[in-house]
Every structure is written in structure tokens, then in C-alpha cells.
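Below are two complexes that have subunit A in common, paired first with subunit B and then with subunit C.
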Partner chain A sequence: MTTKDKYKKVAYYPGCALEGTGHSYNRSTKAVGKKLGLDLVEVKNWNCCGAMEVKNIDPKIQTYLSSRVMSTAANEMDMDVVMAPCNGCYHNLKKAEYDLKNDEESAEVVDRLSKKAGHKTYEAGQVETIHALDWIKDSIGEEGLAARVKNSLSGIKVANYYGCMYTRPRHIFPEKDQGPGSESTSKPHFMDDLLAAAGAENVDFPLKTACCGGAHTLSDSDTSTKLVLNILKAAKLSGADVIATECPTCHSGLEMHQIRAEKTLGEKVDIKILYFTQLLGMALGLSPRKVGVHENINDSIAFLKEKGLG
Partner chain B sequence: MRSLAELEAVFDSPLPTPDIQAAAENLLKASEEVLEHWVTARGEVPTTDTREGFRLLALHRQGAKGDPSFNACRETSREIAYHFNLVTLEPEHSDITDRLYMMALVSKHLYLFVSGKLEVAGLGEFCCAAKPIRSAMDNDSTTREEA
Partner chain C sequence: MPIHEKSLIRPENLQTHDELILDGVDVSGHWSTFIETRVVKDYNESLEEEIAALPGGEQIHRCWQCGSCTNSCTVNALNPDFNPRYWIYLIRMGMESELLRDKDIIWQCVSCNKCTYACPRDVFPEGVMKATSHWLELKGHTPKSPSMHFDEVFTEQIVKTGKIEESRTIRRFFARTGQGLMQPWMIEMVKRMLRGLPVGLLARMGLATFVAPKTNDWSKASAAIQEYIDEQHEKQAQALTLAELVETAKQDVAA
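Right after this comes the complex of A and B.
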């Protein structure tokens, strides 16, 4: 089976953020999948991936939690591929996969906890974890996407912001940096490629993989605000109208600290923030509401109307 | 080596337009000092070597040895070097002021990232900093070992 066919039906792991602050990412991912004829089957009774909090207390518990999601997909749903649109979930599942393959102690802990919890132990290699970007890029591709575009994104200048966890650390993403067609860990481009296929003009954005301060957002809000402000200013200076995101933590951080920067630092940066799935959805002919633009904090309705997408 | 507060002031101060080349040199030097702080905090002597022509990149490499999470600012360091080259190799370019301003923003990002990490040592395998939890654990004699 080709990758293209394999990705047509995948286990969908939305993760906690997509049921809360990232709901519009959830909505737009599902809507785009439906529009493209791609089948998402939500992982049954999924749990937290271990995110940041669990990992900081006990990394092996994080490995177990992520392995349980993969075990459910593989052993209870008979799925080969798990698609996680959240960078944190994607990163943690990939890290768990790596640890289970390379660290005996992690495998022992996961086996012990899985038995205790009463489900089959996940074995490394049972599923392939992919991001929403891989899912669309490798199942539909730029040509396929361009052929389906109804409302071109032409005239919209986009700074593609990938955040820190989509490509790092390199060793947990063995499929990346494999030459033409593969994703790059130093200069990621899948989001750029997809949005360009939909007609957008991507700008050269030097902070595309820089830290958004997401992990500090509650414990050190001032640093997070300054990091976000820097990203917003750099995107604006790059000539962008919109920052496209593919991570719910980055997205909500950008939105909330954009407001906080204005309130606490008196610095207003007028730039729109949209999930890449929202932009793709509108390019495919879906309404802003259908892709959850109204659920974003950053108000881009007037801008989208002006660009013929509203 | 200037203090972190002094360095922040460098990144925040208005850029002197008459001598853009000197301003780029100043930003590069200040960025090197940011990494010197990190290396020094790890108990090492900051390298004077260069990598790909930049001491900044050699310092980043030194700072990341044994601490993969520090690679989260690898591309930021490389972007500073890239923008330095843009400014100094094409001094007559019509976008020279914007290029310098972008270099300042990228340099400030390096400063914010590194100074944040300096506040609490060992922010986890990746830079997911649950600071209160980490701080509490650091004060506890039964602190768990990092994975």
C-alpha cells in the first residue's frame, strides 16, 4: 500500500487542547479532512499524551500514556497510522516510539503499567505517528490540493510558524531530513508548500521554529509575552498579513499574548493568526464559520471578507 | 561580559541608523555574550573558536553539548548569523534597515530564550518548563533524575 493510500484512513488523536482552547483547530481539521475525502477515525477512549506536566515529573509515565493511545489504535482499532494535529501530542507519541525502541527500561515500565491497566502493551513499530501536515501533504499533495482550490489564497501573505516541537529533537523524527520530498528539521516547509498550493504567498520568516514561550505561559507570563511579541513583530516585518499555525499551544499563546502585549507593554501588532487548516478549508470553499474562525480569539473576519474568503 | 540586563537594553535600544554595520557588529557581539552567560553558568569557559566563521555558532555548539534542549535555539543562532551576513555583505541593499531590525528581533529572541532557561537549571529533557514543579523538586533531596 502506498503512503498516499495508507493516509486516507487514519486514527485521529485530537488530544486535550483540541477539545479546549484549540477547538477551532479540531473543527477545521475535521472539515478539511471531510472535504478532501480523508477518513478520520477518532481513537477510542483516548487519554492525555503526558504533555509537559507529566513529563516534567516522570518521563516514563509520559511514555506510558502516549503508548496507551498507540496501543488502542493498533490493538483495539486495527489502525496503522495515528494522526496527531497537536505538536505536543505528535512530539510525545514520536518520543514514546523512540524510547520504546531504544530504551529497555522504558519498555519494561510501559509493559508493567499496561498489564496493570489491563490492556495490550504497545510494541514499537505497530503504528506510524504523523502530523496533520504529513497527513495532507502525503495523501493529497500540492497538486491534488491545487486542483481542489475554489477560493485562492492569492493576495494573502503568510508567515508559517511551526513552533519548537514539530521538528525537535531530531532523533525522534527519523523520517525527516531524508532528502527531496521529506520534511526538514532545520527549515520545515510542509505548511509553506500546502498554503502555496492554495495560492498564498509565503514570506521569509526567520522565527518559524523559535520558542513561543508556551511552556512558560502560566509560570512566567512576562517572558512568554515578550517571546510572542518578538514573533509577531518579526512576522509583521517580514511583510506577513497572517501567521499560520499548526500547534494549539503556539496558536493560543500567540493570540493571548498578542492581547497581553498591548495591555502590559503598550505594543500592538496588527497581524492575523489562523490555523493552517482554517486557511486550507476556506481555500477549498468552506465558510469561515465551518472552519471555526469565529472561535479564534484573534478577530480576522473583516480581513477574510476583504480577501474574498468571508 | 555585560550583565543580562545590560544585554537586554542593547536589544531594546533604538538602532543607530548612521552606522548600520557597527550596529550589526554590536548585535552579534551581544548575542555572543548571551551564549557566554549560558556556557559560564554550566561551569565552562566560553570558547573563542569559530564555526562556519562565527564564534556565535561555536558558542551555541558548546552550550548544547550534553543538553539537547539547548538546540531549540540553534536555528535562532543561525538566523542571527544569516542576518549579520545580509547586513554586512550587502550594505547598499534597499532593505538594509529592515534587515538590521530583523537581526535585532532575532537576537532578542535568543536573549529571551536563554535568559528564561537560565532562571531555572535543567528545565526537563525538552524545554517544557513547569517552573514551580521543577523548583519544588530541585529543593527536594529526592529530586528525580532527568531521563
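Right after this comes the complex of A and C.
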């Protein structure tokens, strides 16, 4: 079976953020999947992966939480691919996979906790965890996407922002940096590739993998505001109209601190922030409402109308 | 990229005099910069072991002091005093009092993992930063950082229900750290959020603040996780207290 077929039906792990602040990412991911004929089967009775917080209390608890999600997909749903659109979830599942494969102690703790919790222990290798970017890139590809575009994104200048958790640390992503066709951890390009196929003009954006301070967005807001301001300004200076995002923490961090910078530092950077799935969905002919543009905090409706997408 | 050098000379120990004559020799001008002598006597020989006993600090002994961590650090770019390479050096040397001079900023690591990406020795500096800020709190050198409060509120909710409901977590965090929720930028954000939201979603979000989302049949997992966390905390406390005991014993022997 080729990669393309394998990703046509995947276990879908939305995670907590996509049921809250990242609701429009959830909506647009599902809408794009439907439009492209890709089947998403939500992981049954899933739990939080531990986000960026639980590891600071105990890293092995985070490994257990992530392993339970993969165990459900593999052992109760008989799925072999888990797709997570959230960078945090994606990162944690990948990290758990790495630790369970390489660290005996992690495997022992997970086995002990799984038995006590009353479910099958996840064994490394039972599922493959992918990001929403891998999912569309490998099942449909740029050519397939270009052929399905109804409203080209031409005339929209996009800065693609990937954040931290999608590429770092590199050892938990063994499939990346494997030459042509694979994703790069230093200069990721999957989102650029997909949006270019949909007609967008990608700008040369130096802060693709800069940090938005998401882990401390509330506990050290001043730092986060400075970091977000760097990203917004760099995107604006690169000539972008829109920052495309692929992580709910980054996305809401950018939106929140765009406002906070305006209110506390008097620095207003006028740039739109949209999930890449929202841009792709509109290119495939879905209305802004169908991909949840109205649920974003930053208002891009007038801009999208002007560009012929509204 | 430059290597971020860190001088061990404290600025307050630099003494200059506009006019100074020593033993009949005029040493005014730039010759009159002196460094006041300082002797470090309070080495904590078990500092490295203590940090290594906490999650994230395990690989600190591998450090070669190349400085890639500080070079790549997100927070260092905002504040040059945030210097992971220097802190790793101090910890390995046991220079506890030097480390304590920076105790109030170490928790500010944003976990972007640029250091871990850059480190050629797999020290996992990001983990070392977390272990160090944890150590500072466990030893009573600093109060719990806002970040640790957030991690605790967050983890408590997951242990209890299996899932996170964001507005609940935010409210509890603000309450625990004594901050008002009604900050101007927060109000502005909520205003802008409300602008485009459909009534159905608002109702659902409103409901979520009363009925938290949860994972079904979570009680056994919850109990197992809590048991493990307690067990680990016990072990860590032991590692730190034992080290203290050794110290006291050594001092007794010396005396």
C-alpha cells in the first residue's frame, strides 16, 4: 500500500485545544478532509496528551498520557495512523513513541500505569503519528491539490509559521531531514508547498520556526508579547498579508499577543492570522464561514472578500 | 554567531579612581581599574547530583561548554543574563551562591527546544533549565514560579478528568497567582472573540465552564497517575535531603 492510500483513512486526534480556543482549526481540518475525500475517525474517548505542562511535573506521566491515545487507536480501533493537527499533541505522541522505543524505564512505567488503568499497553511501532500537514501532503499532494482548487489564493502573500514543536527536538522526528520529499527540521516547507499549490504567494519569512512563547503565554505574558511582536513584525516586513499557522497554541498566542502588544505597548501590527486549513478550505471552494474564519479573534473577513474568497 | 562569554568578575567588584597615587606612582586614568578580590568558599559538591536527580537534569554531566545552547536561546536574545551555558557551568562546579544570583529568571525558559536542537552532546539543556527552576523551588530559594503554578493547575485538571477545558484552567491559574482576570487586553480579546461567534458555539463554551469535558472511565487511570506522581516526588525529595545530610555530615567531620 502506498503512503497515499494509507493516509486516506486515519484516526483523528483533535486534542483539547481544538475543542476550545482552536475550534476553527478543528472545523477547517474536518471540512478540508471531507472536501478531499479523506476519512477522519476520531479516537474514541481520548484524553489530553499532557500539552507543554505535565512534563514539568513528571515527563513519564506525559509519555503515559500520549501512549493511551495511541493504544486506543491501535488496540481498540485497529487503526495504524494517528493524525494530530495540533503541534503539541503531534510532538508529544512522537516523543512518547521515541521514548517507548529507546528508553526501557519509560516503557516499564507506561506498562505499569496502563495495567492499573485497565487498558492494553501501547507498544512502540503500533501506530504512525502524523501531522495534518503530512496527511494532506502525502495523501493528496501538491498536484492533486492544484487540480482541485476552485478559488486560487493568488494575490495573497503568506508567511508560513511552523513554531517550535513541529520540528524540535529533531531526534523525535526520525522521518524528517531524509532528503528530497521529506520535511526539513531547519527549514520546514510542507505548509509552503501546500499553499503554493493552492495559488498563494509565499514570502521569504525568516522566523518560520521561531518561538511564540506559547508555554508561558499567561505565566510570563511580557516575554510572550515581545516574542510574538518579533514574529508579527518580521512577517509584515517580509511583505506578507497573512500568517498561516498550523498549531492552535501558536495561533491563539499570535492573536492574543497581537492585541496585548497593541494594548500594553501601543504597538499595532496589522496582519491577518489564519490556519493553513482555513486557507486551503477556501481555495477548495468552501466559504469562510464553513472553515470558521468568523471564529478567529483577528478579523480577516473584509480582507478575504477583497481577495475574492468571501 | 558570537560565543556568549560570561565574565566571572562582578561589576560591583570593579573599582576605578579618577586620581590615584600608589607608592608614589601616579596610576590615575585607565590604569586605575582594580578588581576586588573574591574567594569562593561555599561550594556545594552535590549540586550537580541534585539537579541530575530531578526530571530533565539527568544528562547535565555530558556538557562540554560549547555554548550552542546560549547561542540559540530564545530568551537570551531578549535578556543576555539568561545564560544556560553559564548556569550549567556553575552547577557542575558546585557554585551555588553564584547560581542563586540568577534565581529569579531561570524559570523563564520557554521550552522552545532550540538549545536541545543545537546541543552536540545531548545534554537536553531545556530539561536542565526545568530541573534547575524546580530545584530552586524545592530548596526554598524561590517561591513557586507562575509557570510552576500553571503546570500544577493544568496537571491537576488532567489527573482529575483526563482533559483540559481552557477557560477553567485560565480562571484557576489567575486565582492561584492572585491576578485579576479583568485586564484591559483580556477584555479587548474577549470582545473581539464575541464579535463573530455563533450563538451555538457560545452556548457550548458557556456550558463547558459548568460541565467540564472529561474522559470516560478515567478513575483508574487517574488513581494510577496520582500514585506515580506522589512516588516520584517522594524519591526526588529524598535525593535532595540525602544530599543535604551528606553535607552536614562532612561539615561535622571537618569540625
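The definition used in the following text is that the second predicted complex is superposed on the first by the 310 of 310 C-alpha atoms of A that agree within 3 Å, B and C clash if a C-alpha of one lies under 4 Å from a C-alpha of the other, contacts with A are read in each partner's own complex, and residues count from 1 in each chain.
Keep this in mind: a contact is a pair of C-beta atoms (placed from the backbone, for glycine too) under 8 Å apart; a residue touches a chain by one contact, two chains touch by 3 or more.
This structure is a prediction, so every number in the text was calculated from the model and none was measured.
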Touched partner set for A:H189, first subunit B, second subunit C, both or neither: neither
When both partners are placed on the shared chain, which of subunit B and subunit C touches more of subunit A: C
Contacts of A:A234 with subunit B and subunit C, given as first, second, both or neither: first
Subunit B versus subunit C as contact partner of A:K176, first or second or both or neither: neither
Which superposed partner A:T264 touches (first subunit B, second subunit C, both, neither): second
First, second, both or neither for A:C164, with subunit B first and subunit C second: both
Touched partner set for A:H294, first subunit B, second subunit C, both or neither: second
Which of subunit B and subunit C A:L113 touches, first, second, both or neither: second
Which of subunit B and subunit C A:H216 touches, first, second, both or neither: both
Contacts of A:K34 with subunit B and subunit C, given as first, second, both or neither: neither
Contact residues common to both interfaces of subunit A (with subunit B and with subunit C): 51-53, 55-60, 164-165, 168-170, 210-211, 213, 215-216, 219-220, 223, 226-227
Sites on subunit B touched by subunit A in the complex: 68, 71-76, 78-79, 82-83, 98, 101-102, 105-106, 108-109, 112-113, 115-116, 119, 123-134, 137, 144, 146-147
Parts of subunit A lying in touch with subunit C, wherever the complex brings them together: 16-17, 19-21, 23, 45-48, 50-61, 64-65, 68, 109, 112-113, 116-118, 164-165, 167-170, 185, 210-211, 213-216, 218-220, 223-224, 226-227, 255-256, 259-260, 262-264, 293-299, 301
Subunit C - residues contacting subunit A, complex: 55-56, 74-75, 78, 108, 110-114, 116-117, 124, 130, 134, 145-152, 154-155, 158, 162-167, 170, 173-174, 177, 184-185, 188-189, 192-193, 195-198, 201, 205, 208, 213, 215-218, 220-221, 223-225, 227-229, 232
Subunit A residues within the subunit B interface of the complex: 51-53, 55-60, 91, 164-165, 168-170, 186-187, 206-207, 209-211, 213, 215-216, 219-220, 223, 226-227, 230-231, 233-234, 237-238
